[in-house]
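Scrolling down, you'll hit the structures one after another.
In what follows, chain A forms one complex with chain B and a second complex with chain C.
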Partner chain A sequence: MPKDNHHIFADGELSRNEGTLRIDTLDGETEYLPVESVDTLYLHGQIDFNTRALGLLNDHGVPVHVFGWKDYYRGSYLPKREQVSGNTVVEQVRAYDDTDRRLRIAHDIIAASIHNMRANIQYYDGRTEDFGSAVDRLEEQKARIFDTTEINELRGIEATARKIYYRCFDRILRDPFELTKREYNPPTNEANALISFLNSMVYTTCVSAIRKTALDPTIGFVHEPGERRFTLSLDIADIFKPILADRVLFRLVNRQQVGIDDFESELGGCLLTEDGRAAVLEAFEETLDRTVEHPRLERKVSYKTLVRTDVYSLKKHILTGEPYRPTERWW
Partner chain B sequence: MDEDDDKSIVDRYLAAERDPHRDPKTPITGLMVQYYHVCERELWFMSRGLDIDRETTNIQRGSYVDENSYDDRRKSYQINGRIQLDVLDSGDVMEVKVSSTLEKPARMQLLYYLWYLDEVLDIEKDGVLAYPKERKRENVELNDETRSEVENTIRGIIEVVERDAPPELEKKPYCDACLYQDICWV
Partner chain C sequence: MIVIVVYDVPAERTRIYRKLLRRRLEHLQQSVFYGDLTEGQITGMKNEIRDKLEGDDSVIVFEAGSSAIVDYETFGDTDDPGSRFT
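Take a look at the complex of A and B:
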């Protein structure tokens, strides 16, 4: 049975009660959470917890992602690795260090990322707007990928594609939401706030999936290992942002499941309120559970499983040389 | 490969196993014997340390049936870190399986244990293959025919594991139940 993510919004205390997790909130409520049923735990409120609680989470391989003030991602507590394989890490580093191998993987990642951006724009092309030229220009960027011999150049293509892509958002999003410019740290308006929050959820989803393999999350192929976050998660997240974040954004806004009053502006930034976050996470989790028929596995798999199989595919490529097939929307 | 080479692969393997100061290049476990007869690709993946999805329940089910069947009448032995076998009160070696659908791989695993005991440790044993959920048992013994089956298996395993690339994808009836399914087909 697939396990679910669990989000705790309240402030309070997380503790271990025999073999189960116990959450005592500041407003006096107590909730018991069977640890076996949790895939990943998200803490959005101010939560006190101790090593006994962490030990239980660790025993069951449950990662914890911690969000701080206004749901900025703060970090993760990851369970002790179940999958340890020196061989895998050695091969991963070799692939990173070999310009040809690294480039091939990076090409595949960026190509899939642009493919998925284009699929989103194509969906809206002719439906509400004419996006013909954006679709073509994304295709052009994708065609340029395989001629590049430098990672920097490749990242330039990715950035150009993302600019073309984000420029379409303003016309997809129902008024009064607008996106004239992608801005973060802090996001300057409602659409930017939604994108930032959803992207951080995609990122943590990838962190959890990578944790289940023996791959080292700090060694990515598109992003440099020096960056502050797990660079392999940043790589994989780029593939899935259009699938997991942007489609949810369009749906939430266009079906008016979030409105302008779900945001508050503070200190020059715009952020989701607690109710807003709950609505966004409900839609996000629902999306993770959506299923699609997988042509090679010949069974239905959830979007969440697709993240995991994507990482498996990468790992298999690194260890065996069989092709890496990053997830390109086929449905 | 001519017959002399064939013979020498098994001889070389045995010589290394019998020597307390060295290990064969490809040490063969009971699980590898089983995998070889189920799917060579699975064997290759396992030999390269490709991990499997630990969340699937099949592994847990197998361990449960193994750990909770006949536990009062058998003793577990680990030998050379290579093979893990259960010996019954009667002295027979027993291998417990959840179901008899993969009969040949299970039988070969047990035969390999018997062969290993005989050839490496000079201990002669008979074997019992047991399917407690099906209330079924089968006696297994080493003779000229089964001996050569084991030796063919050893040659086959060494050949597969030493390949640079995994064996080709091939759809098998039990792919859906395989722990490597996701990594294999994605």
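Take a look at the complex of A and C:
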């Protein structure tokens, strides 16, 4: 059973007290967090903290993800690596550098990603709308994957698939939410804002999961490794966005758990309000806790654990050549 | 596993248990703690409690297999136990 994440919305101070975490909010409240039972800490408010607090988080291996103004992802404080293995990193770089090996891993990732997109569309096919043609076209894109010999070509397929996929959103989402075009930096309407926020949560979930292995988060296979970003997290996040982000989005909107008044527009962008963010995160956390029967592990695992098993599988593939099985929705 | 721990110890010794329990569990009320722990964490906690015991100390640990079988209702000025948001 994985530990729970904790989100701090309040403004205040985070400190170390009696061997655990203490939060003093500006409202004058004091709360203690059980440091040994926290998986990952998310800071959404304005929080002061010092090195003693960081040291404690470090001792217990708790990553901290910091969100800044209007919940733009700002960065992470990651604990000292517990898993270090030069061998793994060397093999990971080799796998990246070897065109064949890299392509094989990238194929698997994109295939899983498109599979999960298709599963979402299929779920809504016949329920409210007819998505038969979109399902077929996604299937076509998926079939083309294994013929590609270049990473650019592969990314092109992924982009086409995602376009087909996002085009269905407008018809799934209950009015007045609409998505005619996926836009970010900043998101231009409510649906885009929700997708951006949820995607950043999926990304940080993957960052936390990769941290639990010896893999280097900066070396990815689909995305080109660059500066200042965790490319491997982007790769893994692509697999899980349809499962963790998009389904939550549909549920939140269609059950009217968030409404248009949970957003505010500013400077040409549209962003969630604080109440809106809390509602979204509650639904997201609930989704991470959902469990499914895992056929190979023969036990129930939560979605959060699925992200980890996915990363473990990739690591094992890189080290031993055992087939990589990216998570494809089977349930 | 869901765990509820209550203690009744002399006033000057309460901080010993408070400190020990706060690391793993949520501090609900004066001497009542609540949380969701793994079996390993529970064993570790029990061992630490055993090490600290003295004279009149009394500590009770309640355990339940899954959070689904524990119902609760809160009255008055209380936060819901197990909240992930601050």
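Here is the rule we go by: the second predicted complex is superposed on the first by the 328 of 331 C-alpha atoms of A that agree within 3 Å, B and C clash if a C-alpha of one lies under 4 Å from a C-alpha of the other, contacts with A are read in each partner's own complex, and residues count from 1 in each chain.
Keep this in mind: a residue touches a chain if its C-beta (ideal position, glycine included) is under 8 Å from a C-beta of that chain, and two chains touch if they have at least 3 such contacts.
Predicted model only: the values in this text are computed from it and were never measured.
S.K.: Just checking: does A:E18 make contact with chain B only, chain C only, both, or neither of them? Give me first, second, both or neither.
M.R.: In the superposition, A:E18 contacts chain C only.
S.K.: Return first, second, both or neither, reflecting whether A:A279 touches chain B, chain C, both chains, or no partner chain.
M.R.: In the superposed model, A:A279 contacts neither chain B nor chain C.
S.K.: Once the structures are superposed on A, label A:V292 by its partner contacts, choosing first (chain B), second (chain C), both or neither.
M.R.: neither
S.K.: Between chain B and chain C, whom does A:A10 touch in the aligned arrangement: first, second, both, or neither?
M.R.: In the superposition, A:A10 touches chain C alone.
S.K.: Answer with first, second, both or neither: which of chain B and chain C does A:V89 touch in the superposed model?
M.R.: Touch partners of A:V89: none, neither chain B nor chain C.
S.K.: Given the touch rule stated above, what does A:Y32 touch, chain B (first), chain C (second), both, or neither?
M.R.: Once the two structures are laid over each other on A, A:Y32 reaches chain C alone.
S.K.: Classify the contacts of A:K316 with the two partner chains as first (chain B alone), second (chain C alone), both, or neither.
M.R.: first
S.K.: In the overlay, answer first, second, both or neither for which of chain B and chain C A:T213 touches.
M.R.: In the superposition, A:T213 touches chain B alone.
S.K.: Which residues would you name on chain A as touching chain B in one complex and chain C in the other?
M.R.: none
S.K.: So in the complex, which bits of chain A are touching chain C?
M.R.: Residues 1, 4-10, 18-20, 23, 25, 31-37, 278, 281-282, 285 of chain A touch chain C in their complex.
S.K.: Can you list the chain A residues touching chain B in their complex?
M.R.: 3, 61, 82-83, 85, 87-88, 212-214, 296-297, 299, 308-310, 312-313, 315-316, 319-322, 325
S.K.: Of all residues in chain C, which touch chain A in the complex?
M.R.: My answer: residues 15, 18-19, 22-27, 35-38, 41, 82, 84-86.
S.K.: Which positions of chain B touch chain A when the two form their complex?
M.R.: Within the complex, chain B contacts chain A at residues 45, 48-51, 53-55, 165-166, 176, 181-183, 185-186.
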